[in-house]
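First chain A sits with chain B, and in the next complex the same chain sits with chain C.
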Partner chain A sequence: MAPPLIALIVATIAISLYNPSFLSAANLGRVASISAIPVLLAVGATFVIIMGSIDLSVQGVIALSAAITAMVLRVDDGALGSVLALGAAVVTGIATGAVSGLLHTLLRIPSFMVTLGMWFVSAGLATLLLGGGTIAVRSADLRVLILQRVFGLPLSVWLVLAIVAFAALMQARSRFGRYVVAIGGNEEIAKLSGLPIRRTRAAVFAIAGGFYGLAAALSVAQLGQGNVDIGDGRLFTTITAVVLGGTSLTGGRGGVLNSVLGVLLVTVLGNGMILMGVPPYLQQAVLGVLIILAVASSTARIREGVYK
Partner chain B sequence: MTATFPSRGQVLSAAPTVFLILLTAIIVLASPGFFSGSTILVILADSVVLFTLAAGLSFVILLGSIDLSVPAVASLGGVIVAMLIPSIGLAAYPAAILAGAGAGLFSGLVHVLLRVPSFIATLATGGIVSGMALWLSSSRTVTIAGEYRHVLDPVIGDSFGIPRIILIGAVVCLIGVYIQRYTKFGRAIRAIGAGESAVRASGIHVGRQKLIAFTIAGAFAACGGALLAARMTSGNPAGAEQLLLPAIAAVLVGGTAITGGTGGVGRTVVGTLIVIVMRIGMTFMGVDVFAQQILFGSVLICAIALTLDRDLLQIVK
Partner chain C sequence: MKKFYQAALSRRAFLGSAASASVLATMPLVGRVFAQGDAPLLVNSIRSLSNPYHAAWNAGGEAFASRVGLDYVTLVTEGDSEKGVADIRGILARTGGNAVVNVDPNDAADARPIVEACVEAGAHVMTQWNKPDDLHPWDMGPNYVAHMSFNGEQYGRTTAEVLFEAMGGQGGILALGGTLSNTVAIQRRAGLEAALADASGVELLDYQVGDWQSSKAYDIVNTWLTRFSGQFGGIWCANDDMAIGALEALRVNGMSGQVAITGIDGIETAVQAVIDGEMVATVSWDPFWQGSIGLAIPLRARLGEIDPESLGKDKREFYAKGVVVTAENAQAFYEANFVTAPELDVDDIWARYAGPIE
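Take a look at the complex of A and B:
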């Protein structure tokens, strides 16, 4: 976990030298708030990537879960409706992820193609449900998560912290977490050792979907609306964060905490670039270069014969 | 007498064409007005941009790799054409194609030299390229002013009663089919897709062939973007975003396997027509525009499930 941590510290020092207000409590609080949703997405994707697979359906699942959240809130935007909406978002995400996982394992289709297909299936469903429009949810109790602050940080940040702690434990300490790493490290050996490969693979995609669903509900709370474009650009930043955090795309190495560092690095760089007056559209280009550097530096040592 | 049952391979290679004919038949039965001369011309004209992107992508998919930067490169091509037409006129088209080839070469270099898997290399290149497109255009759609519309005429005009863009599409198709079927490079990439280690062992410079494939994909993508900009009379820095899935679908539905090694540009013609006929047919039959994306995703998954050669994959990741 050292390289991303060092990069984060260096970036923080460099940016605060340029603009001391970066380290102000208000700005750090802003960094934490901005990171909450990307952290959920990156943690979900981490499980998939540790396994050596990839999930490109992030934005589609967000769109569909956000549509469902907004629709539940339209019926009841009180406390009960908000809890139901949160649950419905997570269940939608799990269900979408489970479909990807089952298609991937039962039909033996590479994950990146299945999830590419599911991206558009779920985005299409979301567009269908919303009729191409936007549902405003400005008054819903769900927004408490964003608006209510505890110890200076929004409730959503605390919620995400708790979930990340749980996910980190599950990934590093539970039997399931070890299975995932083992499959990513060497699936052949994992299979010969009698690990339930298919079940674990399908479950990982479902769990990742659950994380995206929760992230979608938080996005709806944050923006005060549900629409199909709500997840735009999330796939790129999610994969950037996971990769920058040091989780290897070939599987078997990395972890949830790596991805948290990766998200912080992406957010700090983004925030720093804004403070330094870099135009927003160049940020994506900078992240693109960073992805290449991170992946190149981590795969250069793995001399596989064939890579596609 | 030998058995007359067609093999699995023969069934699969005929399947896209049969599917296209069935699809057309269903639509004609449902709405008889569909199959008129003018509709066919509209279908062909609408296919050209998508086909150009998909034809370039075919080379990369034949390798068994993928190019996710296609929409970004196409958008960049459109922006470049729209920006350069006032100053250099017709030369804007080759300039855009050159820029696209450069972007493709960059993806290829990252993939080959840095050994980064193609989907992540092209995802990153896509990010860089769309950043460039937004930067060049200051995040705005660049409109091609009325006095320069004559420069667009080679693309949007008619010759002999046929929209010229269809003729351009035919030329693109011929170039693509020629490169893929009759050049050393074209044979090499099919071989690489079928079994890279064997090709390497037989002394072919695998990395160089891959570089060429990504460069061609980039050039074709920018060409498609330039045609799109000419049709729209403007270059939108995010204008081709929606074309990634249809382009991949066109290649795969046509019968080029995602694992590489089988298929080609000719197949992509059929695949593109399937995608376009589905889209226009559904609109004709009154299927909700929003439902079409769901159908695309599903068709894509089905096509892959059917064409995938699972012997090539010991472990499915």
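Take a look at the complex of A and C:
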């Protein structure tokens, strides 16, 4: 966990030397609130990636969950409707993830292909549900998650912090968490040790889906609308954050807190580059270089016999 | 061991057959539209149905088809140029060229193979928004009826001017542009720059790229509030989705309504925001009209009601008029377009003609 933490500290110092307002309470609050949704996505994806798999369905699951959230809110945008919408978003995410996980384990299709397929299936379903339109939910009670502040931070930030704490405990301390790392480290050995490989794998995709579903509900609350394109661009930042945090794409190494650091690094850099006035065409390039650096520094080249 | 392989094979064969059968079972629904006689098939080729813009485009196509009593099919590229071109070739082969095609090419370069395929098959085609600069309807014969677009520079400038006016003609502004290399984004930005050159009291503090996305705009505007706190009175956005992201970022920071915002595209939520006073302007291209007029013009050419060859270059490559939506007309525009089904406006095909593309 040291390299991303050091990178985060260095970035913070460099940006605040250039523009001291970076460290203002208001800006740190903004960084926290901008990070809330990417953190949920990255934490969900972390479980999948530690297991040595990949989940490309992020944007599709967001689209479908956001569509369902917005449709529930259209019927009732009061308190009850908002709670139901939040629940429906998470359940939709879990269900979509479970389908991916079951297809992946039962048919033994690579997670890469299954989740790519599920991306389009769920985005297609969302398009069907919304007919290509946008549902505006500007006055829904669900929006208190974003608009209501407690101790200076939006409720969504506190909610995400609580969930991250739970996920970190689950990943580091629970039997399930150890199973996931064991499968990612060496599936053959895990299998010979009698671990429930299929069940664990399927569950991990379902859990990841639940995280994406919650993120979708927060996106709807944040933008006051639900549409199919609401998750556009989220896959890239999610995988970037997980990798920058130091979770290995080959599995077995990394963790929830790594990914939180990865997200903070991406957000702080994005925020910082705008504060420093870096031209837009350079910003994307900087992120690209960082990913390559992060992967290069986290790969044990001597141990890797085969690379593809 | 042999048995195991056989079992595995048959399972795979079973699954494969089941999947194929279920896909094939849906084909009669799709295939029905191809079963037709002499009447030409109306075809709209667009990027996807998942965005409100193209969904309205498709609704316009459907409405026009039911008015003229012809069969209608929508092709979606999903951002894949190869698929876009291949699907149109497929339709041309099935109909023997008896088709009228209205296409919003995924990429400017796609227009050429699409137009060539249509001309070769004897179909009539009209392109919108994108085409290579050296591809002209008059070079391709009467089957490439026309190309229509909107003047991005003009409307980028118009929204900027409305924005400056709302700010009393002075102060700092911030701008959110579309993807850097995108032609439309470049044109709209040029319009903004032109408006800035004429407005001495207004200063552009920063220009960022929001990739057309509301979530990215939301993050950028949050950061701007730190960097330019209290220094700006307006945010110019190259599309409505980013404008929505901008206004929600202001709302979460308790600054709702304190900064003027403009967008472009005329989507429902943006028009609603203009009505609510949270945005000052947007521009609608009226995709419902684009989806219908783009079929009406080539259909008339096919039926011999207009002669493309005698139209003249200024009407075969032309700009159409957009509708600038401000507080004055927002309510009426909302009711005409989003509350009731929009009305077809295809009787006078030149009613929204704005001039030749130069």
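Just so we're on the same page, the second predicted complex is superposed on the first by the 300 of 308 C-alpha atoms of A that agree within 3 Å, B and C clash if a C-alpha of one lies under 4 Å from a C-alpha of the other, contacts with A are read in each partner's own complex, and residues count from 1 in each chain.
In this text, contacts are C-beta pairs under 8 Å (C-beta built on N, C-alpha and C of every residue); 3 or more make two chains touch, one makes a residue touch a chain.
All values derive from a computational prediction rather than experimental measurement.
Asker: Since both structures carry chain A, what do chain B and chain C do when superposed there: clash or fit?
Answerer: clash
Asker: Touching A:A123 in the superposition: chain B (first), chain C (second), both, neither?
Answerer: both
Asker: Regarding the shared-chain residue A:S219, is it in contact with chain B (first), chain C (second), both, or neither?
Answerer: So A:S219 only meets chain C here.
Asker: Regarding the shared-chain residue A:I230, is it in contact with chain B (first), chain C (second), both, or neither?
Answerer: The answer is second: A:I230 touches chain C but not chain B.
Asker: With the two complexes superposed on chain A, say which partner A:G132 touches: chain B (first), chain C (second), both, or neither.
Answerer: In the superposition, A:G132 touches chain B and chain C alike.
Asker: Regarding the shared-chain residue A:G251, is it in contact with chain B (first), chain C (second), both, or neither?
Answerer: first
Asker: One more residue to check, A:Y281. First (chain B), second (chain C), both or neither?
Answerer: It touches chain B and chain C both.
Asker: With both complexes superposed on chain A, which partner does A:M113 reach: first (chain B), second (chain C), both or neither?
Answerer: Only chain B is touched by A:M113; chain C is not.
Asker: Taking 37-45, 91-99, 181-189 or 217-225 from chain B, which overlaps chain C after aligning chain A?
Answerer: Clashing stretch of chain B against chain C: 37-45.
Asker: Residues on chain A in contact with chain B in one complex and with chain C in the other?
Answerer: The overlap between the chain B and chain C interfaces on chain A comprises residues 107, 123, 127, 131-132, 281, 283.
Asker: Can you list the chain C residues touching chain A in their complex?
Answerer: Result: residues 15, 48-52, 54-56, 58, 177, 180, 206-209, 211, 213-216, 218-220, 222-227, 229, 241, 244-245, 248, 251-253, 267-269, 272 of chain C touch chain A.
Asker: Could you list, by residue number, the parts of chain A that touch chain B in their complex?
Answerer: The touching residues are 51-54, 103-105, 107-114, 116-125, 127-128, 131-132, 187-188, 236, 239, 243, 249, 251, 279, 281-289, 291-292, 295-296, 299-300, 304-308.
Asker: Applying the document's contact rule, which stretches of chain B touch chain A when the two form their complex?
Answerer: On the chain B side, the touching residues are 63-66, 110, 114-121, 123-128, 130-132, 134-135, 139, 196-197, 245, 248, 258, 260, 288-298, 300-301, 304-305, 308, 310, 313-317.
Asker: Please output the residues of chain A touching chain C within their complex, sorted ascending.
Answerer: It comes out as residues 19, 21-22, 24, 26-27, 30, 33-34, 37, 63, 107, 123, 126-127, 130-134, 136, 146-147, 154, 219, 222-225, 227-234, 267, 270-271, 274-275, 277, 280-281, 283.
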